[in-house]
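Each of the two complexes below includes chain A, the first together with chain B, the second together with chain C.
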Partner chain A sequence: MASFVLKRLALMIPTLLGVSIIVFLMLKIVPGDPVNSIVPPDASEAERAAVRAQLGLDKPMIAQYGIWLGRVVQGNLGDSVTRRLPVTEMLLPALKNTVILTAAAAVTAFIIALVVGVYSAYYPNSRIAALFNGLSLASIGLPNFWAALILIGIFSVTLGWLPSSGMNTAGSSGTGDLIKHLVLPTAATALSSVGIMTRMVRSTVSGILKQDFIFALQAKGVRRWTILRHVLRNGMPTILNVTGLQFGALLASSVLVETVFSWPGIGQVIYQAIGQRDFPVVQAGVLVIAIAFVLLNLIVDAVHAAMDPRVRHA
Partner chain B sequence: MTELLKIDNLVTEFSIQKKRVSAVRGVSLQVRKGKTLVILGESGSGKSVMLRSILNLKPAGARISGSIKLGEEELLTKSPKEMEGIRGNRIAMIFQDALSALDPLYRVGEQIVETIAAHRKIGKAEAKSQVAELLGKVGIPSPEERMRAFPHEMSGGMRQRAVIAMALACKPDLLLADEPTTALDVTIQAQILRLFKEIQAEYGMSIVLVTHDIGVAAEMADDIAVMYAGKIVEYGRARQILSAPAHPYTVGLIEATPKRGQKGKLSAIPGQPPLITAMPEGCSFADRCPMARSSCREVTPAFTHYGEAHIAACYLLEEEQPVAQ
Partner chain C sequence: MAINAPTAGGTAALATAGREPSRAAQIWKSFSRRKVALAALVVLLLIVLACLLAPWVAPYGPNDGAVTDRLKEVGSAGHVLGTDEQGRDILSRILYGGRLSLLSGVLPVLLASVIGGGLGVAAGYFGGWTNTIIMRALDIVFSFPAILLAIGISAALGPGISNIIISATVVFIPPIARIAESAAKEVRKEEFIEAAKTSGAGAGLIVRSHVLRNIFGKIFVFSTSQIGVCLMVASGLSFLGLGVSPPTPEWGFMLNNLKQLIFVNPVVTIVPGIFIFLTSLSLNLVSDALSDALELKR
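After this line comes the complex of A and B, so read on.
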């Protein structure tokens, strides 16, 4: 198992290098001179050149990349242009908030998809399965920010049950308050993934139910719950795998949903930074998300291997 | 009473594209106590469906009718809960492919413990020692170690032995074995068949063995039922059927088998069995039968008795060798 993880870690390095190159180039490609956002508009050419040299922008591209990567590896992602703060100081608390939202959405989507998917696989011709099937199709087509607005309209504006913005009511910091604030963003984020994951759980489980060993289990006279346990155990590697991949989609939708709900996460930070042309922040934000993505895949693969002896021994 | 299992007019229907089709079309059989009944027939003749029907195992939408009596008890009217108590306990089943009949993610020992736990109140430690004993009995070396293996870590022969051990776990009265040696090579096949005989001698159980291999039938059978297109066409004592087959289909099957030491090409029965979605009128073998005449395609032949324990369903026999009941 340890060697499996080490192997996968080694395989991550090229991926991460690729990601870093793309993120680095991203800034080089956007139009506009980053020096403009630092120096006053009336600065002289000499002043501009000084700033450029200070930022290392006068060096060849490869050298710039090398310097930048060297800093990134040491955890130095540069300073925010607008707030004059190290980027990490802005991003880390935001990252935590994004993780809270994404994890809540993932757990919610996972539980709903599991229950509904297993039920629909067991009773494919039932009316309830047909209803869920329609709902999941509809949810896949519904954009998250649109869902977010509908949810706010119903539960905040009309019914007044739940808050529509922020993480905490001013002056309060209880968990209950946090959870209240979490409900709507979680629902909006999870929505499209729930549909996809439900369909995936259903097809995985109905595939397993057709396998010979299920018949053999019935022939042994074990109880239905024992059979369900075997079904889940066999479906779990695939289900977790797809959930892990959906994590990426969830992360992406939480970034969008954050801006609607003013959730102080990384999405909101990036969104504001784009508006202010604060490129180091955008760059670092994208890099952090990309690394989170790659790490997630590693975790998913490791869990898969831990759960399936055939993969582990291969 | 010498019969353990008595099947009467068993019909198993599936619905295929909203139409009802029968894979088993009125089978009547008896399984004698402590004896082996071999069900013989080409692939697609309904042997597996029939065997599963005995345990009332069927896909959604399928319907089983007729009568299946285990001793005095009618199985077809039992509740799902009651059937759970019979499956694996009083009637156990062994499948053709041991690899796909085992859950790949559970250790072999766990899967046997699970069978015992479903039917007996028993502690973990005791169940484990029973499993080790069973594995030893079916000829698996160092059973204590092998019970911790996953199915894919065992050879095909060992896996089939483990599955047999699982079937024996609750000392069933009846063992249903669906082509248990077809997936194995010849030497292993002989070992497994010998194992069946040994456990039958020890436990005194009845066995229903499904095969398409006359050699296996000759080796194992006390009784033989020849199945074709969902029906029994010939049924009786093995010795009589093998030495003096009555039905043209049985004759064809036996002729298609190479005799010991005899080389040369097989005279396989030409043609294909009919599809269950398109069953012909009359005798379903008529289209492939070298002796068929027009009357065969009109009305299905009834059984002709051939001595006390040998029947066959063919018009030819009615005329040529009528035997008084």
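After this line comes the complex of A and C, so read on.
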């Protein structure tokens, strides 16, 4: 098991390097000369060259990337242009909130997909299965930021049951209050993945139900719930893997959902930075989420391997 | 060359499809058997037509607003879908705005099909180092959650629909290239390719007249399925403020603008999203049925 995780960690390095190259290149496609934003318009060519050298912009691209990567590895993601703060100070508290939202959405989507998917696989011709099938198809075409607005319209504005923005009511910091604020953003974020996950669970489970060992168990007269346990044990690695792949979609969709609910996560930080043309913050936010995605996939792979010896020894 | 090839091959494939009406008829027969897909196609055509004909169909101009008409509810006389905080007719803005929204859903997929298709065919047909370099480079782009990558590129280039189209194109190149690559790899093993090579045909001719013709359908069906996704990505970017600037109407940005009215006029706020949802759902249903219809033929 330990050697498996080490192997996966080693495989992660090229992926992370690739991610860093793309994020670095994003900075390079910003239109205009970055020197212009620092020197006064009437600066002489010598002054401009001095600033250029100071920023390292006179070096070849590869060297610039090396310098940038060296800083990033040490946790220096640059400074915010508008707030004159190190970007990490803005992003780290926000990352925690984004992880809370994404985790809640992942668990919710996982449970719904499991229940609905298993039911639809067991009773493929039932009316309820057809209804679920239609709903999951529809959810794939549903923009989550729009779903978020609908949820606010129904549960906050019309019914007044749940708060529509923020993470806590001013002055209170209880867990109950947090959960109340978490419900709608979680639902909106989970919606974007639950359809795809349900379809995966259904096709996995219906594949298992056709296998010989299920017939053998049925022929032996094993009880239904016991058979279900066998089905789940066999299907769980695949299902967990699909959930892992959806983490990327969930993380990315939380960016959009956070802006609707003013959830104080990375998405909200990125959204504000876009409005203020504060590109270093956007760039760092994108990098942090991409790294979180890679790490989450590693964790899912490790869990997958712990559950399924076929993967561990492959 | 590799990038131009698919266009040439694509037209060739379309031209041959035109010469065989029986095949098109077969596909249509299988497609039209699905009532849901047929209904989706009608909805899609209606939305597209209404948006294209906006100047003739829309009851008002996109930016005409009177202070006296502010914040009308859905179903008000003269304003079927209500008005916004400046008294502008929502239906008219949706019809005019749909042109940019639909364009930002279709154009990136089209561009990505040409570029990604070209890269994928080159990688799949030539194999070896060409394949390794192209596919590994695309894998890097793949390791990013799609919307996030699009947000990053779009924010770097600055707000604007053309920049949304560029960033969405980048995001859709890798998946299309993968489909093209695996399809081209399969075709390469066919005997008729061997025959063409022995008869002295050059790589360019083989790719154009044999490879592209055979895999065009696969790329086409997959690309169609991506238009709905692309519409959601593009309107999401626009929702974040990376697209049009006011007062230009566009579906994603209209939602962004209307969201501040949700406590005043929740139903009106939600309306532009219905069009994003209906369009992308119809696209998914149509492309689903289309892929089944083409499958039956094989």
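Going forward, the second predicted complex is superposed on the first by the 285 of 314 C-alpha atoms of A that agree within 3 Å, B and C clash if a C-alpha of one lies under 4 Å from a C-alpha of the other, contacts with A are read in each partner's own complex, and residues count from 1 in each chain.
In the analysis below, a contact is a pair of C-beta atoms (placed from the backbone, for glycine too) under 8 Å apart; a residue touches a chain by one contact, two chains touch by 3 or more.
Please read these numbers as outputs of a predicted model, since none were measured by experiment.
**Student:** Given the alignment on chain A, is it a clash or a fit between chain B and chain C?
**Tutor:** Fit - chain B and chain C, as placed by superposing on chain A, sit side by side.
**Student:** Using the superposition on chain A described above, determine whether A:A302 touches chain B (first), chain C (second), both, or neither.
**Tutor:** neither
**Student:** Does the superposition put A:K220 against chain B (first), chain C (second), both, or neither?
**Tutor:** first
**Student:** Of chain B and chain C, which one contacts the greater number of residues in chain A?
**Tutor:** C
**Student:** Going by the contact rule set out at the top, does A:D212 touch chain B (first), chain C (second), both, or neither?
**Tutor:** Touch partner of A:D212: chain B, not chain C.
**Student:** Which of the two partners, first being chain B and second being chain C, lies in contact with A:I291: first, second, both, or neither?
**Tutor:** In the superposition, A:I291 touches no partner, neither chain B nor chain C.
**Student:** Have a look at where A:I29 lands relative to chain B and chain C in the superposition and call it first, second, both or neither.
**Tutor:** A:I29 sits against chain C, while chain B stays out of touch.
**Student:** Would you sort A:R310 into first (chain B), second (chain C), both or neither based on which partner it touches?
**Tutor:** Touch partner of A:R310: chain B, not chain C.
**Student:** When the two complexes are placed on top of each other via chain A, what is the minimal CA separation of chain B and chain C in Å?
**Tutor:** 18
**Student:** Check chain A for residues that touch chain B in one structure and chain C in the other, and list them.
**Tutor:** none
**Student:** Quick one: which bits of chain C touch chain A in the complex? Just the residue numbers, please.
**Tutor:** 139-141, 143-149, 151-153, 155-159, 228, 232, 235-236, 239-242, 255, 259, 262-263, 266-267, 269-270, 273, 276-277, 280-281, 283-285
**Student:** Chain A touches which residues of chain B in the complex?
**Tutor:** By the definition above, chain B touches chain A via 52, 55, 57, 60, 83-89, 92-93, 95, 97, 100-106, 114-115, 118-119, 150, 152-153, 166.
**Student:** What part of chain A is in contact with chain C in the complex they form?
**Tutor:** Going by the criterion above, the answer is residues 15, 18-19, 21-23, 26-27, 29-31, 137-138, 140-143, 145-146, 149-150, 152-153, 157-158, 164, 248-249, 251-253, 255-256, 259-260, 270-271, 273-275, 277, 279, 282-283, 286, 289-290, 293-294.
**Student:** Mind pulling up the chain A residues that touch chain B in the complex?
**Tutor:** 125, 211-213, 215-223, 226, 230, 233-234, 307-310, 313
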